[in-house]
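Multiple structures follow.
Below are two complexes that have chain A in common, paired first with chain B and then with chain C.
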Partner chain A sequence: MNEPESLLERLKRSVMELDSQALRETMEALITAGVPEQDLRRTLFQELERQRRRMMSDEVPLPRFLICLDLIHDGLDMISPLKEGEAGEGMRLVIGVVEGDPHDLGKNIISKVYAASGYNVRDLGREVLLDSFLKALEDHHARVLALSAMMSTTMSQMPEIIRRVKERFPSVIVMVGGAPLNADLARTFGADGFADSAITLLEETEAAMERAGAGEKW
Partner chain B sequence: MSLGEALQFIFRGRVPPPGLIPEGVLDRLAEFSSFRARYSKLSTIERLITTFRHKEPDHVPCGTLLGGAYRQLTGASFPDFSLDADVAIEAGLLGVDLIGGDVVLLGLDLTVEASDFGQATIYPENSTAHPDYSHPLLKDWTDYRKLKRIDIKDAPRMQKVIKMAKRSVAERGLGTAFVPIVSSPLSVLGMMRSAEQLFKDCVLHPVEVMAAAETITGVLIDYINALCDTGLIIIAPDMLFAAKSGLGQELWEKIEGPWGREIAEVIHGRGCAVAIHNCGDGPYFDSLIKFMEPEAISFARLPEDCGDRKELKKRYGEQTVLIGNVETSTLYNGGPHQVMEECRRIIDDLAPGGGFILAPGCEYPPNANLMNAVVMVETARLYG
Partner chain C sequence: MVIVNQADPRPLISELPRKLAARLGYNQRNPPDNIIGNAITESISMVGERFKPRGLYKTMEVKSVDGNGIRVEQGTIKSPLLARLAGRCGGEKSIAFSIATAGEEWREGFSPGASSWMDLLIDALGSELAELAADLVQDRYQADAQSRGLQVSARMSPGYCDWGLEGQELIFKALDARKIGVSLTPHFIMIPAKTVSGAAVLAQNIAFKSPCALCSKDCPHRRI
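Entry: the complex of A and B
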């Protein structure tokens, strides 16, 4: 009954049923049973991806997905984080909401989806100053910057932020998102990619990186 | 309502609440206006009656949804516009005269109701007011039950909107339909708790959320009644969370649907029209219609069950008036030609057969060039 395989199934079920206590207990049992951390991490990532796809097909509404994300993060917190340079360490990414904008629901979802999908995320929160983005990109050796704005009044800062980031870190991929934006506007602002939600996020980020890698213009 | 009573409203410079006029009379008026529209220009009210009865007017009406953007006309700051009703009224009335539009948004910003409940609010110099999310009024899910009902007489910001409504109706009420946006119970809660926490609480603690939503609904009903007293004929509840980007359909129907129904019943009971605003992604038109029977829905994005605007028109165009859906990004970043082109495409898709009002999908971007608002109004007039 308590074989690692059935425990891994129980772990997945605890996420699907939004059962935080079952998740904690199952994680403890798996760790005690000596299941390698990379297997635990992979199971949690797979479950996140499954829930994300269920959200795509309307089987899981946003509020339940938010709770799923919290659970997956709780699970990941119970195992040691990957160290810099360690095999499996994900792409380094900085994320934040632009200065003056306090709306971070979208950014929080995106940040958690990135993190739970294996990206190594530094989340700067909301109302982030340009200099803070620049410093974080440098300190974190980030490959991707994800910018969010939910107001048309704050979105107007994005072109300048992107210009300054590209000036200093030309190889950084800039993804943008937020309610008043669309792909055309993102392109006009100089971004490398746009995602309208967590549903398309990973695919759009990969596409932006592929374009950059191939030297293609968006 | 008898003809004599209707005339009394008009003599007092007010439009009679359409819901109090017998349906048959409204239909005759709309048919007559639609016929007359072939030969002459209609007044705004005739145009709207024709539109709301799903007949073709002389041209599609335009709702500019200019809120904070009006402050550009007088040079008022964002905080002054939000906090001083006289400043907002002056800018709004000037906007009506200079920019026009058949349907004009009446509001200060989206924090009005939450501020009056006691939520700390930030009024930035160069942007729209927003809640201070570092200091949410509802810090924990157990706080929902602690929320107390407030008396709107002691609610300074709602009183400012009521004052705006009173003066706007008195000065331009016969030529323009002023429409206040009233936040939904959950939108108010989202500002006091943060949308993210609220969404999770709706799943984990639905009974507590509903208790708070009931408290807020009571206050919103008082507010709506006071707004109706000023002579407004359309009220716009903002049902943002009735969308895929919000609560999800089943949860919305369970948690907010019943309160939405109660709010709509009050508006209808006053003879006014319900024009729901929902700028969420994948709005649930079917649920909104089931619970609130709105005369109109203002939308930014297509509902999940419609692949394009033409399908939207076919599926919902006879059930409700469609208001929308010029993209924020076009108004913000596009030139007049692009705005005109987009307006024409929308008119082509949604105007045939009546029952359509051209408008931005969301509030007009407060810092966007006002020329694009003029282009919208003129495109509706010349092309619609």
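Entry: the complex of A and C
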């Protein structure tokens, strides 16, 4: 019953049933059984993806998805994070809410979805100055910048931030999101992609990277 | 300027479980499961008597109405849609500016940042409490208007519909929000976060109560 395969199944079930105690106990059992961390990480990523797709088709409401996201984070916290250069290390990404904007609920969710989907995330928090974004992109060797703004007044800083980022890091993909934004505005601002929620986030980010890789205009 | 307080919040929060569930995406056909339902109940009981809704309002004469907005003593409400609504009102018109806040006291006992789900719940709860505070203030200026034989339009807030967030400046010029512990940042964000500001038209005859009646856009904030 405690074979690694059945433990992995139990891990999946604990996520689906939102059972935090079962998740912790199963993770401990899997670690004790010597199951490679990459297998644990892969199982947790897959479960999050499954729940995200269920939310996409309205089978799972947002609150349940968020509890699941929190559980997966707890699970990932029990194993060591991937180190820079290590095989399987995720795409490096910097995320933050623009200066003057204290609204970080949406950004925090997006940040967790990126992290729980395998991205290597540096979260700068809220009310982030332009120079802090530039420094973090450099220090973190980031490939993606995710910018959030929840008000029309703070959103207006995005074009200048994107211009300065592109000037210094032309290959960085800039994703934007937030209540006052839409895809047309994001394009006008010079962003490479726009995601309206955690549901479409991963597809939109991948699409932006594919467009950039193929040299296509958005 | 009239200041509104409610010492005992209990009568206000009787409908809160249903409203909070609705804000989180649930309804009668799709009710919250036990985990979510219990969390909603628990969060509301944690707020209890810590909820201290307060607000203020002031009515002021409308100087003129044109296609761009409604002019009052302190400036212009730059909302063509609200101006259209006011333009169709009969008799003398005035505007009620209001600010209402849930304050910060209700947050005591919650741990922000502990989990995404709890953060969503706390945020949704705060938004509902702010709406309750705004309704409390609205009830008062509505009762005041009715006693003078006036009708009142729906409340409209800067940042919604065609009224830019910059409209906050006019409301904060008209009302001394410090009296209820509210301030405005240079980006027009109100502190405490769970605060609602707005304007409503008062007149003897109001043909359309909501600006939505004069707008054909399919928008998530549509009220009719």
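Everything below uses one rule, namely that the second predicted complex is superposed on the first by the 218 of 218 C-alpha atoms of A that agree within 3 Å, B and C clash if a C-alpha of one lies under 4 Å from a C-alpha of the other, contacts with A are read in each partner's own complex, and residues count from 1 in each chain.
By our rule, contacts are C-beta pairs under 8 Å (C-beta built on N, C-alpha and C of every residue); 3 or more make two chains touch, one makes a residue touch a chain.
Nothing here was measured: the structure is a model prediction, and the numbers come from that model.
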Overlay on chain A: chain C relative to chain B, clash or fit: clash
A:Met151 touches, of chain B and chain C: first, second, both or neither? both
Contacts of A:Leu18 with chain B and chain C, given as first, second, both or neither: both
Chain B versus chain C as contact partner of A:Asn108, first or second or both or neither: both
Which superposed partner A:Leu181 touches (first chain B, second chain C, both, neither): first
Which of chain B and chain C A:Asp196 touches, first, second, both or neither: first
First, second, both or neither for A:Leu40, with chain B first and chain C second: neither
Contacts of A:Arg64 with chain B and chain C, given as first, second, both or neither: both
Which superposed partner A:Val172 touches (first chain B, second chain C, both, neither): neither
More chain A residues in contact [chain B versus chain C]: B
Clash with chain C (superposed arrangement) - responsible stretch of chain B out of 26-34, 80-88 or 332-340: 80-88
Contact residues of chain A, present in both the chain B and the chain C interface: 18, 61-64, 66-67, 70, 100-103, 105, 108-109, 151-154
In the complex with chain C, residue positions of chain A that touch it: 18, 61-64, 66-67, 69-70, 100-103, 105, 108-109, 112, 151-154
Parts of chain B lying in touch with chain A, wherever the complex brings them together: 122, 124, 126-128, 130-133, 194-196, 199-200, 202-204, 244-251, 279, 281, 304, 327-329, 332-333, 362, 365-368
Residues of chain A touching chain B in the complex: 18, 58, 61-64, 66-67, 70, 100-105, 108-109, 126, 151-156, 179-182, 184-185, 188, 196-197
In the complex, chain C residues that touch chain A: 24-26, 30, 32-33, 35-36, 113, 115-117, 119-121, 123, 159, 164-166, 185-189, 193
